[in-house]
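Shared chain: subunit A. Partners: subunit B in the first complex, subunit C in the second.
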Partner chain A sequence: MKLEGKKRIWSEYQKEIADDHYYYARSCIRQNFFPASETIFLRIMQQELGKDIKDDARHTTCTGIAYHSDLVPFDTTMTVVARLFSLMTEAGYENYAPSCITSFGLYSEILETWEHHPEIEARVREHLWKSTRREFKKPKNLAHASDIVYKFRHRIAEKGKYRLVNHKTGEPLKVVEHIGCHYSRMFPHKGVGGAEYPYVLVGMIEAWGGEVVDYPERRHCCGFGFRQYLVKSNRGYSISSSRKKFESMEPFKPDMIITNCPGCPYFLDRWQYAISEMEGKTYGENGNGIPVLTYEETAGLVMGYDPWDLGFQMHQVSVEPLLDKIGVPYDPYAKYLGVNGKFIGTPEHPEVLKVY
Partner chain B sequence: MNKFGYTISRDNQIDYDKVDRSMAAFIEKNEPTFRICIQCGSCAASCSAANFTRFSFRKLCLLIRRGLTDDVQKEVSKCMLCGKCRLVCPRGVNTRNIILNVHQALHKTTVYEL
Partner chain C sequence: MGALYDRLKQDIRFEEGLKACINCGTCTAICTAAEFYDYDPRLVTDTVQSKDDAKIEALLKSETIWYCGECMSCKTRCPRGNTPGLIIMALRSLSQEMGYFVESEKGRQQLALKRMVGETILDLGYCVHASHMDTSLFPEQGPMWDWVSQSRKEVYNRLGANYDGEGSGAMRKIPRESLNELSAIFDQTGATERFEKIEKLSEEKAKEMGLGFDEGKSCEYFNYVYTGKHPEES
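And then the complex of A and B:
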């Protein structure tokens, strides 16, 4: 194939990502699972890249979890999302940047629904007006926070202190990228690279010096699946899916996993502990697990932020072996120190999985 | 150990790099026509035992190739060795000898010779 042809085809897989002035919508669950991620995103955007980004305390859940668990009807979801759009409009922003992949998928679904069914949009506007006396404009640009980091990945690399490279051998780290299902599977044209070649995390890994691992179950779901996890009797489905991925990636000896979804890093991280307890199996080197990072944490790592400011102490799989590989200095005694240097206690150590 | 209240389900994926090939290798050595089967299913269609059970020679061959020894053991006992399958096979596969070799292989597996 001619290079021009390749470029033309690839251009069809691109999406428009706004350059500045974002209205940021936080995730419900990420702030508990990997609490520093969103803070790091804001720090990088505002302090390092000088972007205007609104972090609004008034916004609520998008109801995505409840919607995908069949607990909230679509009309309710659309009205709640309409209120979120009204907050954006009120704040004077036009570019909506959700932190959560499920929110992103849901916003895409709603905007697509409204495009094809204007009568539904009119009905939702009426619902919103009756319930809150609010009005809204639809976002001009909808980009997931990972799209934005992807857009500025080279600037982050330029400003960065570290690269995803083994500092002893000079070899690039082997990185598994895991894209959240709701990123581009439902609406391929809304994601960078579409559903076939999602490039959003690959672009970051390549820009930051890592090597992407291509393994058979690369596009398999992490297993969260909402009801698969939320209903306890279904949880076997969830952990089985993660195990399938781990078994598939293990022969490639990955150094780390990067994800862009709230659920995926949580399950890929925590299930490593559960699998180790159930089967005595670990997937990293020497009894360690494979560290699982969000893309913001990885960006923060590249920028040279203190590992404990990145919230690595909240990870089930210890990140220290990865920090040693990259050559990031850290104080092991500061891992569980709070704001004023106060010791906050250490978690129990698992029986099989090695933690530090 | 089910300390969490749920367990890991095994998937049905067959990884041909990891399957136990010992039985298939034993049969191929003793009855080389096992290799030329094209899995057309004529054997299964003409099977006397299939009238009374869910036995299928074609399925048996698949189980052998997949290294699913436990399933092979359950299936092979259903064959009555009437030999009709051998008469209809378009490739001339010696199906009866394959069945006999499966029995031998299972015996060898039991006494740890295979």
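And then the complex of A and C:
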């Protein structure tokens, strides 16, 4: 194939990612379970890369989890999103950067709906005006926060202190990447690499020295399924999906899992603990689990930030075996301390899964 | 063409989700839910495509429509551009509008979701909130989460959050004006009406089933729909 033809084909799998001046929309799940990830993302953007990014107190949930639990009508979700765009407009920004993949998928769905059905956009504008007296401009650029980290992955590698490499053997770490269903399955052209070749995490792993594990269930859902997790009696669906992935990746002996969506690391972390309690099975070496990291935590690790600033103490699967492999020093006694080193107790240890 | 089919056609997600199904079953092959449940999105699509109102009504009252996890893998794979996941969303909306959702065990779970997710949005501005997620409801969170719950503000703020504080930051208190705007949007766009319908029809169903019903997350009916365990079993 001629080079020109190849370039044309691959151009369909690229997306435009704004270079600066972002309106940041936090994620409900990430704030609750991986709050440090958002702190680290802002620290890297503002302090390391010198970017302008707005963190607005007034923004709320986009209702994504309620929408996909079929609790709220589409008009409600579209109007809440319109309000978020109104806050962006009011703050003087045009580039919208959500932290959540469910939100990102939803923004993509809504912008696509409005493009093809301008009468729906007009109706939503009327809803928003009647309920809040607000108006809005649509974002010029929509990039998930991981798209932005991907864009600057080489600069992070240049500034970084560590690589995803075993410091004793010099071998690249074996990294499982989990992309999150709503990143590009619905609207492939909105994600880096599309639905067939999602490259957003692979690009980070390669730039930071790791080796991507290609295993049979690589693209399988983590099993959130919205109502399939939120309602206790449905959770068999959720744990079964995660278990299917663990069983499939286990023979490849991954050193870590890196995730894109805020929900996926929650499930891939918590279900390892639950499986260890239910079946006595662990998926890492010597009774450990496979550490599950967000892409922000991984970027922070590469930058050389203190592991406890990255929030690893809020994981149920301990990350220490990974830190030892990379050669990151840490103070085990500081892991569970509160603000200003205050002692706030330590968690109990599970019966099977090794926790430090 | 039946009245229910006409109602479905009014939902843009149904319009976008159903082009012309050729019954190839690719959606079922890729479906996460089909691996776990006795669920076949191909059959769902075929049923709505039949435009047969009696069959659609049976579907709206069934367990079937509540099995999908809305991962939307079907969207990527369908060779004819259908999205069974979007059809499911339209069916679930109509099932609630028609009041049919209380006829199935899975449909009745909408009450639990309304009280856990819907009310959290209106009260706090988040879909979920750590203060509502203890390990009795979410035991898989593990002992780490009990530790977090005992010193929530310390743990979050140690990580750069602004737990329940004024101003920006993770887990901040969402300003009252923002919550008021959310509430006004819910009133304007039909979410409040749907919430009221879920409550009213769930209360009637609880009476019919002989289960206690009141506000909050501890009445017999809530526990039954949330855990699947009948009070006589517990």
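Please note the rule applied: the second predicted complex is superposed on the first by the 349 of 356 C-alpha atoms of A that agree within 3 Å, B and C clash if a C-alpha of one lies under 4 Å from a C-alpha of the other, contacts with A are read in each partner's own complex, and residues count from 1 in each chain.
The rule is simple: contacts are C-beta pairs under 8 Å (C-beta built on N, C-alpha and C of every residue); 3 or more make two chains touch, one makes a residue touch a chain.
Predicted, not measured: the structure shown is a model, and the values here were computed from it.
Participant: Please work out whether A:274 is in contact with subunit B alone, subunit C alone, both, or neither, and reply first, second, both or neither.
Facilitator: Both subunit B and subunit C are touched by A:274.
Participant: Is A:232 in contact with subunit B, with subunit C, with both, or with neither (first, second, both, neither)?
Facilitator: A:232 contacts both subunit B and subunit C.
Participant: A:240 in the overlay: touching subunit B, subunit C, both, or neither? Say first, second, both or neither.
Facilitator: Both subunit B and subunit C are touched by A:240.
Participant: Could you say whether A:118 touches subunit B, subunit C, both of them, or neither, answering first, second, both or neither?
Facilitator: The answer is neither, since A:118 touches no partner chain.
Participant: For A:74, is the partner it touches subunit B (first), subunit C (second), both, or none of the two (neither)?
Facilitator: Once the two structures are laid over each other on A, A:74 reaches subunit C alone.
Participant: Which partner reaches more residues of subunit A, subunit B or subunit C?
Facilitator: After superposing on chain A, more of subunit A is contacted by C.
Participant: Do subunit B and subunit C land on any of the same subunit A residues, and which?
Facilitator: On subunit A, the residues that contact subunit B in one structure and subunit C in the other are 232-237, 239-240, 244, 274.
Participant: Can you list the residues on subunit A that touch subunit C in the complex?
Facilitator: It comes out as residues 26, 28-32, 35-36, 38-39, 43, 55-61, 63-66, 68-76, 79-80, 83, 105, 113, 117, 120, 127-128, 130-132, 134, 181-182, 185-186, 188, 195, 220-221, 223-228, 230-237, 239-241, 244, 270-271, 273-274, 309, 311, 313-316, 336-339, 342, 344-350, 355.
Participant: For the complex, give me every residue of subunit C touching subunit A.
Facilitator: 11-13, 16, 32-33, 35-37, 66, 68-73, 75-76, 83, 89, 92-93, 96, 106, 109-110, 112-114, 116-118, 121, 125-130, 133, 137, 139-148, 150-151, 154-161, 166-172, 174-175, 177-179, 181-182, 184-191, 194-195, 198, 225-229
Participant: For the complex, which residues does subunit A have touching subunit B?
Facilitator: It comes out as residues 232-237, 239-240, 243-244, 274-275, 277-279.
Participant: Which of the residues in subunit B come into contact with subunit A in the complex?
Facilitator: Of all residues in subunit B, those touching subunit A are 1-11, 13.
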